[in-house]
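Letters are used for the chains, namely A, B and C, taken in the order the chains are written, and counting of residues starts over at 1 for each.
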Amino acid sequence: MRIGRRIVTTLKRTAVHAAPTVLGIIVLDFLFLQLMPGDVADVMAMEAGSATAETVAMMRERFGLDQPMLAQLMSFLGHLVHFDLGFSPRFNASVVDIILERLPNTLLLMMSALSLALLLGIAVGSVMAAWAGKWPDRVLSVVVLLLYSMPGFWVGLMAVVLFSVKLGWLPSDSNMTIGSDFTGWDLVLDRAAHLVLPALALATFFVAVYARLVRASMLEVQRQDFMRTAHAKGLHPFLIQLRHALRNALIPVTTVAGMHLGNLLGGAVVVETLFGWPGMGRLALEAVLGRDFSVLLGVLLLSSFLVILANVLIDLLHAWLDPRIGEA
Amino acid sequence: MSLLSVEKLTVAFPGQIAVRETSFTIAPGETLALVGESGCGKSVTAFSVMRLLPPNARVTSGRILFDDVDLLSLSPAEMREVRGKKISLIQQEPMTSLNPVLSIGLQISEVVRRHEKVSRGAARARAIELLDLVSIPDAHRRVDDYPHNLSGGMRQRVMIAMAVACHPRLLIADEPTTALDVTTQAQVLDLLDDLRHRLGMAVLLITHDLGVVAQWADRISVMYAGRIVEQAGIGPFFAEPLHPYSRGLLGARVDVDADEHYSRNRLSEIPGSVGSAAGERGCSFAPRCPIAVPGCRLAPPPLVAYGERAVACPRVDA
Amino acid sequence: MSVETQLTDLGSRAAPRKGRRLRAFVRNPTFVAGMVILAFFVLVAISAGVFFPGDPQDMVAQPLLWPGEDPQYPLGTDSLGRDVLAQLAYGTRASLLVGISSAAIGLAIGMTVGAIGGFFGGWVDTLLMRLVELFQTTPTFLLVIVILSITDPTLPTIAIAIGLAAWPTVARLVRAQFRSLRESDFVMAARSLGYSRLRIIAQEILPNALPPVIVAASVMTANAILTEAGLSFLNMRDPNVLSWGGMIGDGRDQLRNAWFLTALPGAAIAMAVLSLNLVGDGLNEILNPRSDES
């Protein structure tokens, strides 16, 4: 029950602390949006090709875009309390609906990329630490450094060249085969096949970060006294690394992984655009280019929530990993 | 007949030789104190017996016979059978010797499960028993505590519990009480002594505290700059130390009964420092020795036995 | 030596034995390797006009020549018949300029905010940290896009946008350093001598807070180059300036037949970022030495 209580206290503390932050984000983003030249009426008029000044003005009035900034802000906040993020003229749907449609796709992509990065990163980092100074470590260090330096979207493109164009193994567009109606296992496989390359592209950079971190962390842990105690008990080296060393070494990794959640969403913008993945990142870009402020504001708000949530999760994970933290 | 017999052990690090041709024995059930100042190589000797040296250390010569088996010739897997079961270790710093993220119950039961085929439940029960044995109050509740929930003295007791869990024949205690306050020191040493009698363990006690040695050890080996310079039983040693270094050590203590006061006497000290031994071709202690002659600097003096005692100094006649 | 002189010496603690420091830099292989590669790129950026006179955006040959097909165009041509090698060379400028200037902006803002918050503490610190949090809670790339959309993308605005999104990390770092150094003995000594707070911040604490900031600077530059590449790929770039990311974006349509058009600029980005990461790693080793490095 220690865990349960901790969750509640963390959530309460976060809510109190985050409320002004979220408000600040809304105000700040609103400011940015107002500074942007043009609005959705302009863009839609431009795309339609022909629009008179009257129609544009009418559209503005319909969507409340001709109101003074403060009035618009108040209106937005008022709607927000009712969990209403407004209406998008461009998509012709409520913002909440648009976001909810795309959110699961992005979450799937981000979680897959993060899990992949953590698994690979921890494995590679452990290997590097175990053979520290010898040739497996040196070779992997170079590989890791390269992964750290390559743009994720470029790795994605190269992977597409190899796996889609040359080998034809994996698809490179969207998150499913359009127009298909797979069910059951076929559906899972189809979705998974579409997920591989985008997740890989997104994960590249982070694999390198975790590998380096785990290597440094594991090497640091080896020098601790309790490691000699573990060896003195005659335990198998593998067990010692897994049970004694890794759990200590993972603590800094969780902190860093939590901080990455924000960057993951940003990186998703490029990867989703590249792969035509129907997610929030691509939505954000479309909203910016189309000056669709309600959608953009909704996306920014939601991503901030995600970051805050990630911090909460990291906090809890920390407490679970390190019992010293749990005692408040 | 000896349980442990270290023969001419030499351990080298890049840049210096930490242990030079060191030999000593421990009989079953006896406590041998290995004494010397910081850096004389006593901890390295202890870790060599367990083969737990850091990766840049090399054993360049010698044998370590335990029950007539040379530990240095064992494979890593065979050595793992010895550690924790036949020989175990207690380290100096109780604050850092226990894994902070695992419960003490787990850390004790894992050594039991490693060497004996018992279920998790049985191992946990054993852990509670052992915590009782080392006088941790409320053992069945504290077994799930984490190291940071315990005081330094209690952590050291947990270390002892872990070390004796599988009834080892030899316990190596590397300065077990140096990091503890005086009252706790006495308690822990009491506990160790009690356990070794009950379990019939031999103890290799590494320390720089002669007071501890006088109270708890059966025999003493004095180390200086990587070499053993004197070996003797406790009584004869304290009655009459032979090697000039031993005499210096014993002379450097303050005797309560002698009614000394700083206004009248100065603490006697051994002049110079251990560093003077570096590069010395002869006796390492010669640069600081009050009775050295030029002949002492030619070659290191061998450890010569005189009955039950041994001294590495040709200028002493026993 | 009088106490006064000793304390004055403490004040100039920021000027250590320069000779020894310099040699440590040169001896570190990681740092040297990184600097060599970086120097190469800087050279290319400066001398692009010399080796590739004329406008790199000019059509010069048959489109979609593969590397090696025509010795005059060793890295081939793109879909508009432009020389890829020349484009790569000129593209170095955009990457380096944006990388360095955005890092400079981020550092300037971040160090100021972090120093003020860390030194003064109290409500000033809380307020500034709230501001930092505000910026950090929005995903960085999204923030850059939003800021960039306020104006037209040009090299300067791109650099400003990236810098504005990157300063919070530096601020946090500098603040942590200031908070710990604030309580050191030499600061107390300076205070007791009546030095102004500005002087203490600038002359006493800042020089000692620098090592992790220097390392962070190289990382920031590397990230800025990657961010700029992403932006250019998404077509949020200066239309008059060649950039590697833009080349990748342009080459994307030719992925089937001429994938070298995306491969080569990406490799260039990777090399440039690699050099900065090597420099950063090397600096880390030099400035934060560990007692043993396996």
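Note that in this section contacts are C-beta pairs under 8 Å (C-beta built on N, C-alpha and C of every residue); 3 or more make two chains touch, one makes a residue touch a chain.
The shown structure was predicted, so the numbers you read here are calculated from the model rather than taken from an experiment.
Engineer: Suppose you hop from chain B to any chain it touches, then on again the same way; how many hops at least until you reach chain C?
Structural biologist: 2
Engineer: Looking at contacts between chains, which pair has the highest count of C-beta pairs?
Structural biologist: Chains joined by the most C-beta contact pairs: A-C.
Engineer: How big is the gap, in whole Å, between where the Cα atoms of chain A centre and where those of chain B centre?
Structural biologist: Taking the average C-alpha coordinate of chain A and of chain B, the gap between them is 54 Å.
Engineer: Please tell me the distance, in whole Å, between the geometric centres of chain A and chain C computed from their C-alpha atoms.
Structural biologist: The computed centroid separation for chain A versus chain C comes out at 23 Å.
Engineer: Name, in rising order, each residue of chain A that touches chain C in their complex.
Structural biologist: Contact set of chain A toward chain C: 20-21, 24-25, 28-29, 32-33, 35-37, 132-133, 145-146, 148-151, 153-154, 157-158, 160-161, 165, 219, 262-267, 269-270, 273-274, 284-285, 288-289, 296, 299-300, 303-304, 307-308.
Engineer: For a test of understanding, state which residues of chain B touch chain A in their complex under the given definition.
Structural biologist: It comes out as residues 50, 52, 79-85, 88-89, 91, 93, 96-103, 110-111, 114-115, 146, 148, 159, 162.
Engineer: In their complex, what parts of chain A are in touch with chain B?
Structural biologist: Chain A residues touching chain B: 224-226, 228-236, 243-244, 247-248, 321-324, 327.
Engineer: Could you list, by residue number, the parts of chain C that touch chain A in their complex?
Structural biologist: 130, 133-134, 136-143, 145-147, 149-151, 222, 226, 229-230, 233-234, 245, 248, 252, 255-256, 259, 262-263, 266, 269-271, 273-274, 277-278, 281, 294
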